[in-house]
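You will see two complexes here that share chain A, one where it goes with chain B and one where it goes with chain C.
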Partner chain A sequence: MKLEGKKAIWKDYQKEIADDKYFYVRSCVRQNFFPGSETAFLKILRDELKKDVYEHPCHTTCTGIGYHGDVVPFDTAMTVVARQFALMTESGYENLVPSCITSFGLYTEILETWHHFPETENKIREYLKKATGREFKIPKNLAHASDVIFKFRKEIAAKAKHKLINKNTGESLKVVEHIGCHYSKMFPSKGVGGAEYPYVLTGMIEEWGGEIIDYPERRHCCGFGFRQYLVQANRGYSIACSKKKFDSMEPYKPDMIITNCPGCPMFLDRWQYTIKEMEGKTYGQNGEGIPVFTYEEVAGLVLGYDPWDLGLQMHQTDCEPVLDKMGVGYDKSKKRELIINNE
Partner chain B sequence: MKKVVVIGGGIAGMEGSTYLKSMGYDVTLIEKNSQLGGHLLKWEKLFPTMRLGKDVVNFLNDGIKISDVNVLLNTEVVKAEKNGNEYIIELNNGQKLNADAVLVATGYDTFNASQKEEYGYGVYDNVITSAELEELFTSGKTLTTPSGKVPKRIGFVHCVGSRDEKVGNIYCSKVCCVTAVKQSIEIKEKLPDVEVYCFYMDLRMFGMHFEALYREAQEKWGINFIRGRLSEACENIDHSLVVKVEDTLAGKPLKMNVDLLVLMVGIVPSQGTKDIGRIFGLEFGVNGFLKSLDQHMANSNSNVPGIFYAGTCVAPRPINNTFVDARSAAVMVASYLENYKVEGRINTINN
Partner chain C sequence: MGKLYDKLVEDVRFVEGIKACFNCGTCTAICAASEFYNYDPRNIADIVQTKDDEKIEKLLKSDTIWYCGECMSCKTRCPRGNAPGLIIMALRALSQELGYFIESEKGRQQLAVKRTVGDWILKYGYCLYLEGIGTSLHPEQGPVWDWIQDNWSGVFNRLGANYKGDGPGILRKIPEESLEEIRKIFEVTGGKKRFDKIEEMSKIKAKEMNLDLKESGIDNDYCMHVYKTNNGKHNRE
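Here is the complex of A and B:
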């Protein structure tokens, strides 16, 4: 592996990321899957970095899951997204920051469509006006929430209470980064680092002390793939995809996995449990699983937030091995309490 | 004596210079490198006969020597202007040359394989280009991977940077298919136990004996040809590569490990071709090569009177075609300089 080769590619895929005044749109599913992540993002942006982030209570789904699951037509998706743009415009914001990778991909696809087919944009403007009476401006800047954390990775590192370093050995933690398919595979120029060697998570991991693992199935789908999971009969394929990735990364002995998509951490986390139950197979060290995190959770740990405030008790694959290596303190009994109360 | 400046000292420039000088013109051949021969210097054996590349270089050098062409090495054109029917050409060493005609033979570059990011060239240790493999052959060194291992399985990826809309090159580079066949055979000659797989879209065996070489590769050497484009290459923990490809004849995806992956890089207009085109105000075609005045009847003529083309600055060509093209261009230069009666036909095209 030649790092210089990757760096040369990264140089070709820089993107503009606004530095303040964000209109933040949440994901449909992340608050159930990893409930502390979006809260952590807002806390980091508002409290640590003193940024202006606004959320609108009337924001809805972008229809991305339905669109990619082939049940929502593109015109409908575009009109719903046009409404989100209208909410942003009415709120006086111009920089749109979606929490969800699929939303980011859909917004990007729609903006590119309108760029190349202005008549489609005009048609959607008419639809929105007729349906809701609303009008909108095109976002001045569209960045995924992981782009924003990437932008401020050095500021976060400067405030770090913990690094991605094994405190017992002094060695960097070995990290697998998994990028959501809709981040840059459709539009490589819209993602930090492009589609083949995305840099968005790698940049964070490097800055916070970790070491990236490049394993053969790095580009492979996490197993969500929408129809792979949403159609019940396909779920065997879903877990097979995840297993393929685990088998591929196992020889590198990763300490953790970091993701930037709603579905990926869900499937990489939960399917490890399922594989253990089905096959008795685990992929981490000492018979444990490989802990899976969102980038907000990792940023939160680096900044010294309490693991249970970050929602790590909701992970099916225990995070404690990584917490122990990083030297993050935690209250074992509180975790159990939180889980029982949640149940 | 009328003066001709030939720009580019590869096959086309050398052969064009040789014949122009032999016709009685005062010829100066300009070459930016320290040696004449161009890409051919790095090529050990040539398809389809396996003749040594250096035999052809020697033949070309003999021509230059016998006809006594004035050669300027380590020299580049930086500026040109027209004074009447004459060109005044300024070189990077400050020297100025007068020319009644200019023959552009600035050739090609190989496609920058790192643009096909998914193949991992420049990122993974054991991904190399066909040009680099040929240099390895020419060096006479033992064939090992860049990681230092004697390969057991080698993959060739055809059409890297050719017939590929994603990188903006929709044309066929013409020479890569048969080069892969040739290089596969050479590998089997050197390492009989190695398994060789060629991943291709089409095999364009258009030249005389190309098809026979392709058959020999399969029947005599057991080289495997898989029809399907590679989707990606990734690196294993032991630095071997895992490639994913669709086998379109078997109708199924295929995944295999190879110790060495050779990318058959296509032909693109050289930087020199682009620079000279700009300096002389020449027209470029849609694929970025210099545009002939007419593709059928005036291949060697440009849009600028007195400026002529030879070789791969116009389009990808194998060596035999480049020889023919260079000699043909010499005739067209002479026709222009002597104002043969038939030149009127060219002027008709021009008009």
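Here is the complex of A and C:
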């Protein structure tokens, strides 16, 4: 079969994704804003797909936000990441899976730097040895958590309880996919589909019954910009970027947005709330916002998980319009349910 | 001439970030920051290529180098494989090393980044540790964030976290021995040196501006000043 056009380009950018025995490292942003997504990732991998995923209790931040906030020097970030590699090596794993896109981008940048500047790798090995006594092997395979879900998208579809289809009309839901900038803009060959046509989320959405919206500002940044959000005086940059995207996608009437980056779903969710508060403007149907999801949340809904187990109650823009369209049942009275440990 | 340029060349990111820029402007066209700020990454590449110390020093003391959001869209599109975003990262590192960052409004914000993200890394082992960080500083987080803040442990336990617990899991307590390793890494690799420099220079600036700066935290006049001040002159007309 002859491959043409975009398909031929995607063919050039396929990446190898390990199929088992993962060393998982968590995301600082997601642990604070989307804990249910990391819980769902492990549940899907371990319980549904019977994969071996190990999490070391001593792993830490990679310092990525500090690195891109420019308070953490490159040598420091590289050595902290080298420590994560050491924990992986000591645990007998070779396939590293970061939950975070900033981490994935930083790990990729470091491995590329060491490839082109071997003396830098040697320097970092010495730093790590001096600071911690540890040594490490370079991961055999580095894949972002969304790569792993992409790899098993067909297996997830085979177990689907719900599809990305409006149960009332039978039509596919219209989905905006937003890829974190550091997934493949820096090193296109390290992402599924490269930087121009990243396929990692599109592949999931198509497999689970949704229809992709291709809109002009599809590849524009969500506006995190690290210091541009972290410092209050700079947040105009952040909301302006998100607004540019909302204005661009609005005419296509998206039912939902799916993201693969820790920060993007939070910004696309919260800035919709802010724009509504500031200007009374909403971008969804019937005066509502456009619900924003992580890929694990969507995979969980497809697999029939309870929306409140997935953490959809932590979103500011309500997700119920999409749940209703998909026919996902939920108990409204349990949305604010808490579990209190009496210790 | 060329001393500051020589310092920049010591940074592998600078070496990778600029090879031979022919000033086509593609980076500026794709740049998210250029749309918002009065900012032109092409001009940054142009200035550093002059190797002129006077011009580079002016850049290091300016607001200009702090406008980039490090999204790295420029890296994807540059026909020569340059990355103005990487040049910016090298310039920001040098600006802090030399203490020049306190000379601009945007540069001074580094203290706020250090005292939040930087200090959280060393104290908790996370870049973000948001319990207690409420909507007064982050109004955009909305009513849902108030509910989460009011019920922090209950929400996180509900979602399978191991909040402040031993062993693996979401928002687990990072063991003290691991935090000690991270602190040692910061000492050995220059991370602590940069933190100390940010603090030292900020103290000088706070005194000069007659603003109170406490030893830690952001709840003081100088930190709040750098965190909130925007002179309104940074944007495109």
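Here is the rule we go by: the second predicted complex is superposed on the first by the 331 of 343 C-alpha atoms of A that agree within 3 Å, B and C clash if a C-alpha of one lies under 4 Å from a C-alpha of the other, contacts with A are read in each partner's own complex, and residues count from 1 in each chain.
Keep in mind that, in the parts below, contacts are C-beta pairs under 8 Å (C-beta built on N, C-alpha and C of every residue); 3 or more make two chains touch, one makes a residue touch a chain.
None of these values were measured; they are calculated from a predicted model.
A.B. asks: For A:K174, decide between first (touching chain B), second (touching chain C), both and neither.
C.D. replies: neither
A.B. asks: Determine, under the contact definition given at the top, whether A:R218 touches first (chain B), second (chain C), both, or neither.
C.D. replies: first
A.B. asks: Of the two partner chains, chain B (first) and chain C (second), which one does A:C58 touch, if any: first, second, both, or neither?
C.D. replies: The answer is second: A:C58 touches chain C but not chain B.
A.B. asks: When the two structures are overlaid on chain A, which partner does A:G5 contact: first (chain B), second (chain C), both, or neither?
C.D. replies: First partner only, chain B.
A.B. asks: Looking only at contacts as defined up top, I'd like to know whether chain B or chain C touches more of chain A.
C.D. replies: C
A.B. asks: After lining up the shared chain so the two structures overlap, which partner does A:H144 touch, if you call chain B first and chain C second: first, second, both or neither?
C.D. replies: After superposing on A, A:H144 lies clear of both chain B and chain C.
A.B. asks: Counting only touches as set out at the top, which of chain B and chain C does A:E337 meet: first, second, both, neither?
C.D. replies: It touches chain C, and chain B stays clear.
A.B. asks: In the superposed arrangement, which partner chain does A:K190 touch: chain B (first), chain C (second), both, or neither?
C.D. replies: After superposing on A, A:K190 lies clear of both chain B and chain C.
A.B. asks: With the two structures laid over each other on chain A, which partner does A:Y252 touch: chain B (first), chain C (second), both, or neither?
C.D. replies: First partner only.
A.B. asks: If I apply the document's touch criterion, which positions on chain A are contacted by chain B in one structure and by chain C in the other?
C.D. replies: Common interface on chain A, chain B vs chain C: 195-196, 219.
A.B. asks: Inside the complex, what are the residues of chain B that reach chain A?
C.D. replies: Contacts found on chain B: 114, 117-118, 120-125, 232, 234-237, 239, 242.
A.B. asks: Which residues of chain A touch chain C once you look at their complex with the stated criterion?
C.D. replies: 26, 28-29, 31-32, 35-36, 38-39, 55-61, 63-66, 68-76, 78-80, 83, 105, 113, 116-117, 120, 127-128, 130-132, 181-182, 185-186, 188, 195-196, 219-221, 223-228, 230-237, 239-241, 244, 270-271, 273-274, 308-309, 311, 313-316, 336-341
A.B. asks: Which part of chain C faces chain A closely enough to touch in the complex?
C.D. replies: By the definition above, chain C touches chain A via 11-13, 16, 32-33, 35-37, 66, 68-73, 75-76, 83, 89, 92-93, 96, 106, 109-110, 112-114, 116-118, 121, 125-130, 137, 139-145, 147-148, 151, 153-161, 166-172, 174-175, 177-179, 181-182, 184-191, 194-195, 198, 226-230, 235.
A.B. asks: Given the complex with chain B, which residues does chain A contribute to the contact?
C.D. replies: Interface residues on chain A, with respect to chain B: 1-2, 4-6, 8-9, 194-197, 214-219, 251-252.
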